[in-house]
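Following this line, the structures themselves.
Both of the next two complexes hold chain A, though its partner changes from chain B to chain C.
Showing the complex of A and B:
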């Protein structure tokens, strides 16, 4: 039944997944000394050949990242084109995160009076929606909602959480995170309506994402004027740490306090072992990838698509880090940014 | 630069000599002062050179760190954070102020960085969920790099300005030493020699005049003597004639004319 409808997409995803860069690829890439070497390696030894082939010298890190994005979008689009409901709905949900980023970009551009073209250029194609350009020309929140958002899935997130007075410059990041929170919660509700397999896996993955979201907001809000009530407001209403852990996170003032909370959760205990405050962030990334890897081990579920997108993102991030390190001759730091699982 | 005998074109008089001498003294004093200034500038120049090398080294590492911190932020925050940061800025947060520093009379521009904290608050939440801490680190790192950059900028500007000033001063010192002073000295020499010459001429002229005067006096005396002789002779002749009238031609006796010497015919009525 699953295979009849979604078999092709799943096969495509698994096919793409086998072509991911492996530990050995990364090790060999780490030995490259110039971006040209990286390009040559990607062209000959990886699945990126058709994307990096036309890169003109001198190669810049952004060029390579651009190629990765193109590949990501192409792979994702094949999935979308083959999908039928409910997989197509699920894939749409995956794009909402990008949509939120685009919307925030457009809002920022609107407040700064940038031109429509300039804003649309920056937007991610995955999260593109037709009325995005209308965001830029709207002048008030009501208009924004009526013109641009009412037809998009973001409308319900927006109307339930954002008030007109919130839309000033300081709060634009808050809006992003509130929308993201609403999105995660909505995604969770959506996943609960799916089949057993998908529901179980996605619950795990989304809980992880919710925890990650909360922990990162907490860590990043130290030293800013984000109030504790506002911070609490950005946490989701589910997650491994919900509700007790989130309530305690909301009151944290230092990294050590966060660590003390995390120790209580077995899956996060590893994160508290380093003194580097950024170790937690990296550790969360690894945990997420591990969870995604486990999802890929299962069959007949939609979580593999979620995992697939995360792996794509991770590979882009890795290559970004790798190319930047090579370009800036900081190869000693290579290890701190490349994250992969076997 | 100047040939050995070059001098000013002046009329060699005592007044000019005084003027030129005072100019020479002025030039020598100026030379001493400028030499001191050049030394002071060179001292500062070398110091700045040292500072520049140090600042450049520091800046190289600082810039690399800052750039890498931004890479970390991009890594942690994804592409969205880049746009969020770029869009979040509409006014420069760091202003560079220029003011003047004075080294031995040379005005050197000096730049200092000043933060106007207007935008501090708004950017605070950038990357709240992704990489916010990294963004702040990158910001601090770049702030440091900008401070160094402006420091280096003022050093470099000072370097160029001082270089120019030192060149000008050295040119002036050399001009005074090799051109103005020798010319003035030559002029003084020339005037002195001219004055000596004049003096000698004057002496010679005086001698000539005296000789001439002497000669004139002698001539006059001679003439006077001759005249006297002539007068004496004339007187003698007169006297002789008179003696003739009285005694010599006794024929005319008493009736003889005292005034006319010739024989006066007797008149018959």
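Showing the complex of A and C:
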């Protein structure tokens, strides 16, 4: 019965998926020397042609990314328009993650004194919400909640656990992580009510996301004033490493200690093989994409929509890295930030 | 289905089963004084008109087959439409999946026609109102053959539909996969034919004749 409601959206998602940039595309894009070259390449050789066609000459990295975002939201909206409950609820949950990202982006932009337009321009359209512009005028956490978030789905994630007062950089990071933790847990509860196929696949994907969340928090918290108990509170209540691995992660103080924990888990063993600090992060992205690729191998479930959004996001991140590298003339570091699977 | 076997419904289902079981056992054990009067039920059952069974058989043959075919077509069709948005070339090729599903309905119609030609008027015994045993047997045979064909075609239709939907998606991603998946689809649609063959053999024993 799945297909009666969701067959069209599923096939649409798969259609979009076949038009992602491939290994060859990335190899050829890496050879471009200017942003104009990249634009021309995207226009002639990829599915972005109708979005980048109208870009005027001098091309900025922001412009290209905006075009990518336009395509992303166009593809996503077709799904939303076709979806009925429970798929529509599932897709809404997917947007909450982007809402959190947008919120943090807006708060950081506000701290650096950017204008409202400049901030809104950078936000991802998938996670756009009406009161986003109110975020930039709020001066304390309470005000942020009252002005911007109370009518959004994020309100329920926000209310319980945030006690901080001021909006400084550490608190913003804290808000992001608390919201994201609550979001993941809520999403997990929601997925547990779905059919068996979706439940199994989403459990795997969300567990991986939860692990990634925890590892990132741990790595980023070294050298900050975040206490170990607070750090422990930011971890989710599920995940492949839950509960033992998370408890040990909370006590880590160096990267080497984190690696020693990760070695115990077969899926993360690969991550510990290099000394490069970015290697773990990049490895986690690859692992996530591989898991998403596996989700796409199955039919008649919702996890493919999750995987699809992750692939979209990854492609945008890749192009962002690529355009920035080209714009700043640092092509030597090109390979580090581009992640793809076959 | 997993939703039914979840959480609070398990004790309810268990209680229902226990109740039914107790009812059956008590009814069977004590002859005459149980909850269920089996002898009387048996008489009731044998007096059901064989034409009723025949009609139900024909209805099952065509009804279940069409349900299976329709199910298959909407599984295939929705995937086909979605995939065709991005790769329009697959539409005409993948119509063959829809035709496979349609064939399942045609099997059902053929069996229904064969079965309905078997029906002839045979009067019942004017004294007791009972039908002769060959007539009763013919009624059961037509019923069984219709049910066989209907159920076989129902699941065959779903099978072909699921494979057909995968076929459309695979073809959109990689055209060389089309023929390979088509072979699987043909095997799937052969399942319905088994049901048809058994139904024809079953119904060949059914003869409504005057004695």
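Everything below uses one rule, namely that the second predicted complex is superposed on the first by the 289 of 342 C-alpha atoms of A that agree within 3 Å, B and C clash if a C-alpha of one lies under 4 Å from a C-alpha of the other, contacts with A are read in each partner's own complex, and residues count from 1 in each chain.
Just so it is clear, a residue touches a chain if its C-beta (ideal position, glycine included) is under 8 Å from a C-beta of that chain, and two chains touch if they have at least 3 such contacts.
Since this is a predicted model, take the numbers as computed values, not measurements.
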If you stack the two complexes on chain A, which partner ends up touching A:122: first (chain B), second (chain C), both, or neither?
first
Using the touch criterion from the header, give the chain among chain B and chain C with more contacted residues in chain A.
B
Return first, second, both or neither, reflecting whether A:158 touches chain B, chain C, both chains, or no partner chain.
neither
Where does A:302 make contact in the superposed view: on chain B (first), on chain C (second), on both, or on neither?
neither
Quick check for you: in the superposed arrangement, does A:105 touch first (chain B), second (chain C), both or neither?
first
Between chain B (first) and chain C (second), which does A:246 come into contact with in this model arrangement: first, second, both, or neither?
neither
If you stack the two complexes on chain A, which partner ends up touching A:48: first (chain B), second (chain C), both, or neither?
neither
Of the partners chain B and chain C, which touch A:217 in the superposed model: first, second, both, neither?
first
Indicate the residue numbers of chain A shared between its chain B interface and its chain C interface, in ascending order.
none
For chain A, which residues are in contact with chain B within the complex?
101, 104-105, 108-109, 112, 114, 122, 124, 169-170, 173-174, 176-177, 180, 213, 216-217, 219-226, 234, 277-278, 281, 313, 317, 320-321, 324-325, 328, 330, 333, 337
Show which residues of chain A lie in contact with chain C when the two form their complex.
3-4, 6-12, 14-16, 18-19, 195-196, 299
Contacting residues of chain B [partner chain A, same complex]:
64, 67-68, 71-72, 74-76, 78-80, 83-84, 87-88, 90, 121-122, 124-134, 136
Per the contact definition, I'd like the list of chain C residues that touch chain A in the complex.
2-3, 74-75, 77-83, 85-87, 161-162, 165-166, 168-169, 172-173
